[in-house]
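Structures given as structure tokens follow.
Each of the two complexes below includes chain A, the first together with chain B, the second together with chain C.
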Partner chain A sequence: MTGKFRAVLYTQWKWSRLVIVLGTIAALAIPVISIQGAARADRGALEAQELLRAVQSWGTLYPLLATALGLLVAVAAWAADHRGRHIHALTLPLPRWQYVLLRFGAGMLLLSFPIIAVLLGATLAALSATLPPGLHAYPIALAVRFAFAVVVAFAVFFAVSSGTARTAGIILGVIAAVILAQVIVSMTGIDFDLFGQLQVLLLAGPGPLAVFTGRWMLVDV
Partner chain B sequence: MSRLAALALSATILAAPLAAQDSQLVRMRARADSLLRSWREAALLADVADSLERVRATAGADTITVGGLRIIANRSPLPLRQAAERAWPIVDSLYGSAALELLNRPWIIRAVDPDTAVPRTVLHEGLEIPWDLDLNQTTTMLLSTVGAPRLDQRLLDWLSAVPRPAWNEEQGARNVYVQLVTAPSEAVRRCFLDEISRCRDVLQLDDSADLLSRWYITPAEREALVTGAFGDYFARPATAPTLQRCREHDDDACVRLLRALPTLPPPLFHGPRMLLLREALRAGGRDAYSRLVADPSAPIGARLASAAAIPLDSLVARWRARALAARPASLVVPWWAGVFAMVWTAIFALCASRSSRWRL
Partner chain C sequence: MTHAIAIDRLHYRVGTAFEIRDLDLHVPAGSIYGFLGPNGSGKTTTIRLILGLLRPLSGRITVLGDAMPEQHARVLSRVGYVPEQPHLDVTLTVGELIDFQRAFYTRWDQHRAAELLAAFELDRDRLFGRLSKGQKAKLMILLALAQCGDLLVLDEPTDGLDPVVRRDILRALMAYVSERGATIFISSHLVHELERVCDWVAVMDNGRLITASPMEKFKHGIKRLVVTGAPRDIVDPPFRILAREAANGAGESWVVGDWDPAMQSYIERLGAAVREVIDLDLEDGFVELLRSFRGVSR
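And then the complex of A and B:
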């Protein structure tokens, strides 16, 4: 099994190495750049707000990076199979679910590089900065949040990418149906916000994308 | 003889304007008296109108009394009694013995159907509230509209808000912590770092002399205040050159502009003052509020110390400790978020593994 996994990992690395390398560099750089200038010892009371504002602005990049990494690595994992009409996969002497899990595991392992990079970058940034009193750095919390976001994004796009054209059609159809339903509801004058309800379902509490919400702050009170 | 005649003539000539001035004074006094009479009549009529309006607003209404809260309201599904029962302990904990004075100031509430477009008579007395509010909303409404007993203008000015009971006091204390950490003022930062005298300054508990140099200690803060919050205000032709000099780091110019402001903005908003007031009332027991409003002419610091029945520095230290204890929770990902993320990941992975291998 290890040999099979190694083979799948190698091929996926070849397909997605550019994404992984660029993503790792970005993951390392964003935390460092986000608190650039915070290392000054003469930081006055004025800069606390500015620092938080800067960190907050840069914070929007983490979920975007997580989504982009999840999407590109998931697409890369299945692109060759789609091109070859899955003939190669069908010839392999292992059940499909094992094949899928090997691809999934390989993708996860590759995505651990940018996750570790965020942890390293955030820790470096936190150690090098002289923060105003009352402000604290949260490198581990940020890295954990980023890890969950990357994993969930990868799983979502992996599931979609692994599906057939019919599956993609169904997903698009559901989205179109929701939009149509909202339009009809609005036209009839019924006070029901379908988009709002869906947003709550997806983003709040136990929703699948809840980990993307919240505060992506390397430094906070 | 001729001299005598001349003197008499002079006296007559001089007396004429004096007499005229005297009669003008009488006329003015009569006019003032007339205006006073008119004002009294108008006030009387206004009182009668208010009284009639009150009678009209309360006609056919029920009276609900819970502790010191009295509500006069029409019959409706609004859970007023339950809300008053929830609100009263919170109100009582703030105003203490003075809370019973609220009996003299009842709420007049007209609960209205939120779903009807039928026009209704306009009332100029009391509150008009949709009757579909739930218990929490009704309680919040009561707490946010309760009037503080014997509130004087000086206290109101210092506080910039009516001291009302807090539904979520912890959130208020958290906001104070955030302000202490992020306020663009070195004085506030020093207060955060346990310099009690600075806390007294930023809370404006002592005299108001030279607040500018006490609130905004460094030239950079003053420049930021002028160019940031008041950049547009001072961009008028009369002050534009001074503003430009301030922008070029001329501290004297910044100070001149800030001194020209009618009111200097305090480095902390009203939340910290409200928290201090609440701490004073909590420390002082049931009669704390009565002591607070007993002498409206006394300085605010002295009134708060008297209400709390402890020295002012101790009260401020207590306030600071309360704010620091309310530091917002660390930015950790809650355990359940991690669990849900993993569960969703597993579900999506399962979806992928269950898809058909035949995709021709």
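And then the complex of A and C:
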């Protein structure tokens, strides 16, 4: 199984290495830049607020980066199989669930590089900065959260992009049905916000996409 | 195991346009089995059913003694497959594709792969997408042969290739069979090519198997007869009349299947005379068989 995994990993590395390298550089740079020059012990309370604002605004990049990495690596994992109409994969001598697992595992292993980069970058930033009193750095918590976000994004996009055109059609159909239902509800004058409900269901805790929302703070009180 | 592939009462349907009905096909182990049929006759669909890529509605498929698609992983470890269209990733090099394939087959023969790589003059560092059509076909044959399977399933492997490449590929296949005693199931509509290499032949049209027999029997069983004085109605002949039409000059021209010289006496008993018995090559026999089948099913 190790040989098979190595073979799958190599192909996925070849297909997504640019994304992984750029993503890793970005993941390393964002935490360092986010507090660069802003963190000094001689700052007053107002300036500490400024630091938190800077960290918060840079923090919006983490979920974006996690989503982009998850999407691009997931799409790359299946693109070649789609081009070959899955014939090659389906004629390999292993159960199909194992093949999917190999592709998923290889993608996750590649994504561990930007996750580790966030941990390293955040730790480096926390160690190099002298924070004003009352503020603390949370590099491990940030990296763990980033890891969760990457896993969720990759899993969702991996599942979607593994499917056929029919699967994509079903997903679009569900979205269309939701829009249609909202339009009908609005026309009948019923006070019910379907989009709002869905948003709460998906994005508010403990929704499956809740990890992407809220504040991503390397430094906080 | 007497049959490398055994298909019994297979039924498969795609929408309402195409259907394979009651397909029975038995490929003897160790044979080179030609699977003939015009485009759209169901050859590729049958191959995909054999490989477990499609699920039949009913019927039973056994490949190398194991049920398909239930045992597909076990079966596919012993089957080399070359599809009709190149299916490999265009962004990988020849060497990378060989290394990838090698990881999945326990019987992989690296020595054979290296030999074929040299024989086919393939560059390890060249991207698959940059290979010519002939080179792609050669690489796919290389991968199928280096797996050292007991069965090779080839779906029109030489379609659209020049004669030199075709000959190289067929030579490699023949060498493999003589060395390993493997079974080859090869679909094509290049009749002359199959005639040269196959010892069994099956003909399919419109999702139905028209005939399946040893190549020699098929070739020698189909004749064109020039007959004079034949009555209009012929009841229960010992041969199959595939076509019957007026010949130039006197008499009629018949194309018959399952012919044996001893059957000439049957025609004479009808008060007719066989003026000439003409051998047909596989292509003529194939065309007459198809024409007859389509006439009956219309």
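As a working rule, the second predicted complex is superposed on the first by the 214 of 221 C-alpha atoms of A that agree within 3 Å, B and C clash if a C-alpha of one lies under 4 Å from a C-alpha of the other, contacts with A are read in each partner's own complex, and residues count from 1 in each chain.
Methods note: contacts are C-beta pairs under 8 Å (C-beta built on N, C-alpha and C of every residue); 3 or more make two chains touch, one makes a residue touch a chain.
Fair warning: this is a prediction, and the values are worked out from it, not measured in the lab.
Per the definitions stated earlier, placing chain B and chain C onto a shared chain A by superposition produces no clash, and the two fit side by side.
Once the two complexes are overlaid on the shared chain, A:Lys4 sits against chain C while remaining clear of chain B.
Residue contacts after overlaying the shared chain place A:Arg85 against chain B and chain C alike. Applying the stated contact rule after C-alpha superposition, one finds that A:Ala141 touches chain B and leaves chain C untouched. Once the two complexes are laid over each other on the shared chain, residue contacts for A:Val151 go to chain B alone; chain C is not touched.
Of the two partner chains placed around the shared chain by superposition, chain C is the only one that A:Trp15 touches, whereas chain B remains out of contact. After overlaying the two complexes on the shared chain, residue contacts for A:Pro206 are found with chain B alone; chain C is out of touch. Applying the stated contact rule after C-alpha superposition, one finds that A:Gly163 touches chain B and leaves chain C untouched.
Once the two complexes are overlaid on the shared chain, A:Val118 sits clear of chain B and of chain C alike. In the overlay built on the shared chain, the residue A:Leu94 is in contact with chain C alone; chain B does not reach it. Aligning both complexes on chain A leaves chain B and chain C separated at their closest CA atoms by 6 Å. Overlaid on A, the two complexes show chain B and chain C touching the same residues of chain A, namely 85, 90.
Contact residues on chain A toward chain C in their complex (touch as defined above): 3-4, 6-7, 10-11, 14-15, 80, 83-85, 87-88, 90-95. Listing the residues of chain A that touch chain B in their complex gives 44-46, 48-49, 52, 85-86, 89-90, 96-97, 100-101, 104, 132-136, 138, 141-142, 144-145, 148-149, 151-152, 154-156, 158-159, 162-165, 167, 205-208, 210-211, 214-215, 217, 220-221. Of all residues in chain C, only 51-53, 73-79, 81, 83, 87-92, 96, 99-100, 102-105 touch chain A in the complex they form. Taken in their complex, chain B has these residues touching chain A: 177-178, 180-186, 188-189, 192-193, 218, 220-221, 224, 327-328, 330-333, 336-338, 340-342, 344-349, 351-357, 359-360.
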